[in-house]
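Single-structure report; data block below.
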Amino acid sequence: MLRVGIIGGTGYVGGELLRLLCVHPKAEVTVVTSRSHAGKPVDAMHPNLKGLLDLKFEDVDPSAIAHKCDLVFTAVPHGAAMNVVPGLVDAGLKVIDMSADYRLPADVFESVYNKKHADPRPTVYGLPELHAEEVKNATVVGNPGCYPTGAILTAAPLVAAGVVDRIVFDSKSGISGSGQEPSETTHYPNVAENVRPYNITTHRHKSEIDQELRALNNKVKIHFTPHVIPSVRGILTTAHAFINKPLTDDQVRAIYNEFYAGKPFIRMSKPTLANVRGSNFCDIAFEIEKGTDRIVIVSAIDNMVKGSAGEAIQNMNIMYGFDERTGIWMSGLPP
Amino acid sequence: MLRVGIIGGTGYVGGELLRLLCVHPKAEVTVVTSRSHAGKPVDAMHPNLKGLLDLKFEDVDPSAIAHKCDLVFTAVPHGAAMNVVPGLVDAGLKVIDMSADYRLPADVFESVYNKKHADPRPTVYGLPELHAEEVKNATVVGNPGCYPTGAILTAAPLVAAGVVDRIVFDSKSGISGSGQEPSETTHYPNVAENVRPYNITTHRHKSEIDQELRALNNKVKIHFTPHVIPSVRGILTTAHAFINKPLTDDQVRAIYNEFYAGKPFIRMSKPTLANVRGSNFCDIAFEIEKGTDRIVIVSAIDNMVKGSAGEAIQNMNIMYGFDERTGIWMSGLPP
Amino acid sequence: MLRVGIIGGTGYVGGELLRLLCVHPKAEVTVVTSRSHAGKPVDAMHPNLKGLLDLKFEDVDPSAIAHKCDLVFTAVPHGAAMNVVPGLVDAGLKVIDMSADYRLPADVFESVYNKKHADPRPTVYGLPELHAEEVKNATVVGNPGCYPTGAILTAAPLVAAGVVDRIVFDSKSGISGSGQEPSETTHYPNVAENVRPYNITTHRHKSEIDQELRALNNKVKIHFTPHVIPSVRGILTTAHAFINKPLTDDQVRAIYNEFYAGKPFIRMSKPTLANVRGSNFCDIAFEIEKGTDRIVIVSAIDNMVKGSAGEAIQNMNIMYGFDERTGIWMSGLPP
Amino acid sequence: MLRVGIIGGTGYVGGELLRLLCVHPKAEVTVVTSRSHAGKPVDAMHPNLKGLLDLKFEDVDPSAIAHKCDLVFTAVPHGAAMNVVPGLVDAGLKVIDMSADYRLPADVFESVYNKKHADPRPTVYGLPELHAEEVKNATVVGNPGCYPTGAILTAAPLVAAGVVDRIVFDSKSGISGSGQEPSETTHYPNVAENVRPYNITTHRHKSEIDQELRALNNKVKIHFTPHVIPSVRGILTTAHAFINKPLTDDQVRAIYNEFYAGKPFIRMSKPTLANVRGSNFCDIAFEIEKGTDRIVIVSAIDNMVKGSAGEAIQNMNIMYGFDERTGIWMSGLPP
């Protein structure tokens, strides 16, 4: 049994990791930390876990953790992870970091997040469909952002095929991506019966999308605008791509099928948030506009699973040689 | 033109008063106060009013207000109103208070709200369908709570008829009743796809329901449990009433029709939140359970209109001899 | 591996059984029937299952089914099941029926559903927390209705203890209980931002609640009013119970703990739809009203799981001697 | 008092016209037709109007209508209007048609709607901000589609200024645009917690957007993809525009301010569906992407008001020389 810990287990990301890991057949959660709730039962903060998990929050102590864990997930805020991870690595642990701290090279991070990086080690971008080999041998994996997971998976095959010049990602996300902390933007009357674009041309997740897609084709132009819709979970990504040569449906389908061959969580299937809710799947479909140079590719993921905790467990599975589906091979929850 | 002011104009109640008053044909808003936003345009906080209202927030100054107003609505928190109202009254103004401070006799208020009352004057409970005559001549009107408006209107005719022994009010409210301030209970993921009972046997609004219904029949037993549903506006009140003698549909209908004769905002009509949304109507229907002593009466109101700002304007209309429908005679907003 | 079939696999109930059974470690779905979709892949109707299940819909043929199955779930409409079940039983199969046809004695069924019963065999009411012993040896189990599951579990301990005289169940359900077929009552604009009481004093599920609670105490008076809230899944049951002697919190807690000792899916925990969403748990809490004879007990279940498919699988587990948690021991899905 | 009739008054469009017209100070509804509900009170289908309107549905009879009306709104399906309008015009009535039948030249209509046009008269496209002069003198006005109203108003100033080469309209609409008839796509479980792109490259409304924007600059390339979000009312249009020369914020703002000078319903204000809900406003904002050729313009309208009934009444006001705000000058309904 792989022994895993969660650093920062009170928020949505920690809760979602626990939801999935508490029934994972090859991993056991042995430590969950929280500075502010140390000593309290984990199910006091996550009552959905009552009966499924019998642990108390502990304070963070790398050497104590190292005695009880093989791997830790760091689910602390951006900027905090970089101060926690080195100690964990030094104590001999592998780390999957859920924040933005290990997704970008340190210099890019510093420019995008406007913050000095305290631990500028080389990073592995933990998008398993693109980087399984590097993940396999990584000590620290930077787990991707939710929007980037959706956007990159939507467009990567066409970009890699060199047929796309420009893509506008118009993304629609559930509000859970904003986290557990109440704010004006998560206030029910401000979300319900509404749809809110934000950081319209400036969202920091764009740097991850740029990094990954431009690694596949450095000439592609990327635009990204996120919106929040009245939904708790899920991201629907609408990618308006402009192609540089005519393509048929069959050609596009072949590009996707080939690119994602052997990737169990990618389904060429009409995307709806319901069909992927609670699951690690990414459903993708496309439509070519007749008489123009536009192709629209649409995908759906659960931002908390494939866009966060599920993807992290998929990375864990890969790091330890388990079938990558282990513990996360379940249906979405429609309706 | 009646000149009106709003003390505390930044919240939901102030905003809703402004939404309705800015097109009221016999009243003009001349002052809107806010300590924290003094000097800012009102439409900076209420962008829905842009183009409809050209005012700036002012600081609270009773004598200045008295020069510009005939009537003020006090839309400040419970416990704060009692410190503001005396100065306004002394300056010659009439007041409709939106808080709980003037709904109950001072001794009852003190016991329910656990707070010394600073202005223990006799109160007029501003439920126009029951107290139009007192409202007409009042200087200070205590505008009813949203749950009490729904509950009292639902049951008053049967209680007054002396046919009911006990009523369980199971109320379902939109979240806007919690106000504009974000909190854990208004966080979208905690409200959506959920329904939350709270203050299950202890909600303070029960004292208003008690006061009004027991004035009609002091033997009736009242129970009240509120719930929040995933809706922004509206209260649906389900009243489970236990009757002390058999009644037919026709008898019950007659009781309601007679009690509400000449009350334009009460409609005997299948209640849905949509049909009353944004409007001052209260829609009521009932069903007698065959073979038992239960009758179920259901009503729908918009908590922000008939349960707050609309009812206040109805009171204003009555105080100044206008037709009580003036400025609030509009359809609900389905779908 | 237990071989199971689903008769009527295109609707919500069939889909939810498939969602859970496709990853059940001791059961394998070998047959899914649909008259209208025979020959089509199951994941054409349930795209959430793509990759998880490789089956085609078949036409209904009891003898063919008997060769491939040990147990079948009949997920066909009320009134249809009674015509299908006898043939399956004669072919040697065990049956868990998801309709209302086997929940009530035939004479009660006929009176409530106003329909002649074609198969008036003795029934086993498959509420595992009350009838595990009978379920164990049953050939045909009538799987309970969703509202009754919630209502009975909420009140049974107090009723069995003889301390309750009367209960008003005010239930709030997600719309998925209305099934997959679009109608005026499931039309989004009629459900969103609304709450709708229906069959206010006449819902047929009341007969199940009566049957089970009056078997525990035949003097208790039962009232039941269902509502639909803007939620897809979940039932919150608010039980207003009137007690015949004073009770303390400790006494009530002891009554529940004793009654549900050893029942893994019952949790004494603050009920929210989110915490049980997608899971088989029933979360229960209570509050005693000071100075009156009312106690309010509240529960939350997922109507599609504990109120339908999950409970059916729990029954299956019991019938075949598996741990009753097998395949359904998973967390709810908050947020 | 202008006498107006509504042909086809049972659906959402008819209901919304009635909601607004029943309190319009210069118009009186004298006829509402419905073949299937002739003889029934209008408020039986539109219970929100109870107390506000005392009319019965009548059968359609152009000459009878002509005796009682000056103007009629035809709110019948696409393809049906063209068979009704000629008779009304011949009877001397002015007509505002709510369907697609009079928005496009007959040849374009026939190609887009794949249907022979029965009444190929020249059309006036009733977007008042662009065509007030033609509307003023029109006999038949084709009231614009909801998506086109949002899209055209969002982009027209930049297109007219010649600075835009290509625009991708990614529109998000409430479900009320699908009408009153329940269907799989309006089924609550399919809409809630979801977002659905549809007619991704083929929506027929694109022809209206093309017509109007290419009349302003025939070189602009238009793309349009609509989505349905879990909202009843409202359209948020996200326009990703590609500019052919660098622009500053001030320049863009000046372009909009000049283009919309004297247009009371256009507000340069952060768009939210709540701020325009129930109102005739169109709120617009923009953001220029640094370092690229993209500008994102976003607008919000209520699809049932500015995108339908409100715009029609605005057209009516213009046709009869009333202030265009008459009867529709009201705030949106936040929260």
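For reference, chains read A, B, C and D in written order, and residue numbers begin at 1 within each chain.
Please note the rule applied: contacts are C-beta pairs under 8 Å (C-beta built on N, C-alpha and C of every residue); 3 or more make two chains touch, one makes a residue touch a chain.
Chain by chain, the UniProt names read as follows: A, B, C, D = N-acetyl-gamma-glutamyl-phosphate reductase.
Keep in mind the model is a prediction, meaning the values are calculated, not measured.
Chains shared as neighbours by chain A and chain B?
Intersection of chain A and chain B contact lists gives C, D.
If you tally contacting C-beta pairs, which pair wins, B-D or A-D?
Taking the two pairs in turn, the one with more contacts turns out to be A-D.
Roughly how far is chain C from chain D, going centre to centre by Cα mean, in whole Å?
Whole-Å distance between the two chain centres: 46.
Distance from the CA centroid of chain A to that of chain D, rounded to the nearest Å?
Here chain A and chain D have centroids separated by 40 Å.
I'd like the Å distance between the centres of chain B and chain D, where a centre is the mean of that chain's Cα atoms.
Chain B and chain D have C-alpha centres separated by 35 Å.
Hunt down the residues of chain A that sit against at least two other chains at once, touch-wise.
Counting only residues that touch two or more other chains, chain A contributes 176, 180, 189, 192-193, 230-233, 272, 274, 277, 334-335.
Sort out for me which residues of chain D touch chain B in the complex.
Those residues of chain D that touch chain B are 12, 15, 18-19, 22-23, 46-52, 176, 180, 192-193, 232-233, 264, 267, 269-270, 272, 274-279, 281, 283, 329-335.
Which residues of chain B touch chain A in their complex?
175-176, 180, 182-184, 186-189, 191-193, 230-232
Could you please specify the touching residues of chain A with respect to chain D in the complex?
Result: residues 168, 170, 172, 174, 189-190, 192-197, 200-202, 221, 223, 225, 227, 229-234, 236, 238, 240, 272-274, 277, 287-290, 292, 294, 296, 298, 334-335 of chain A touch chain D.
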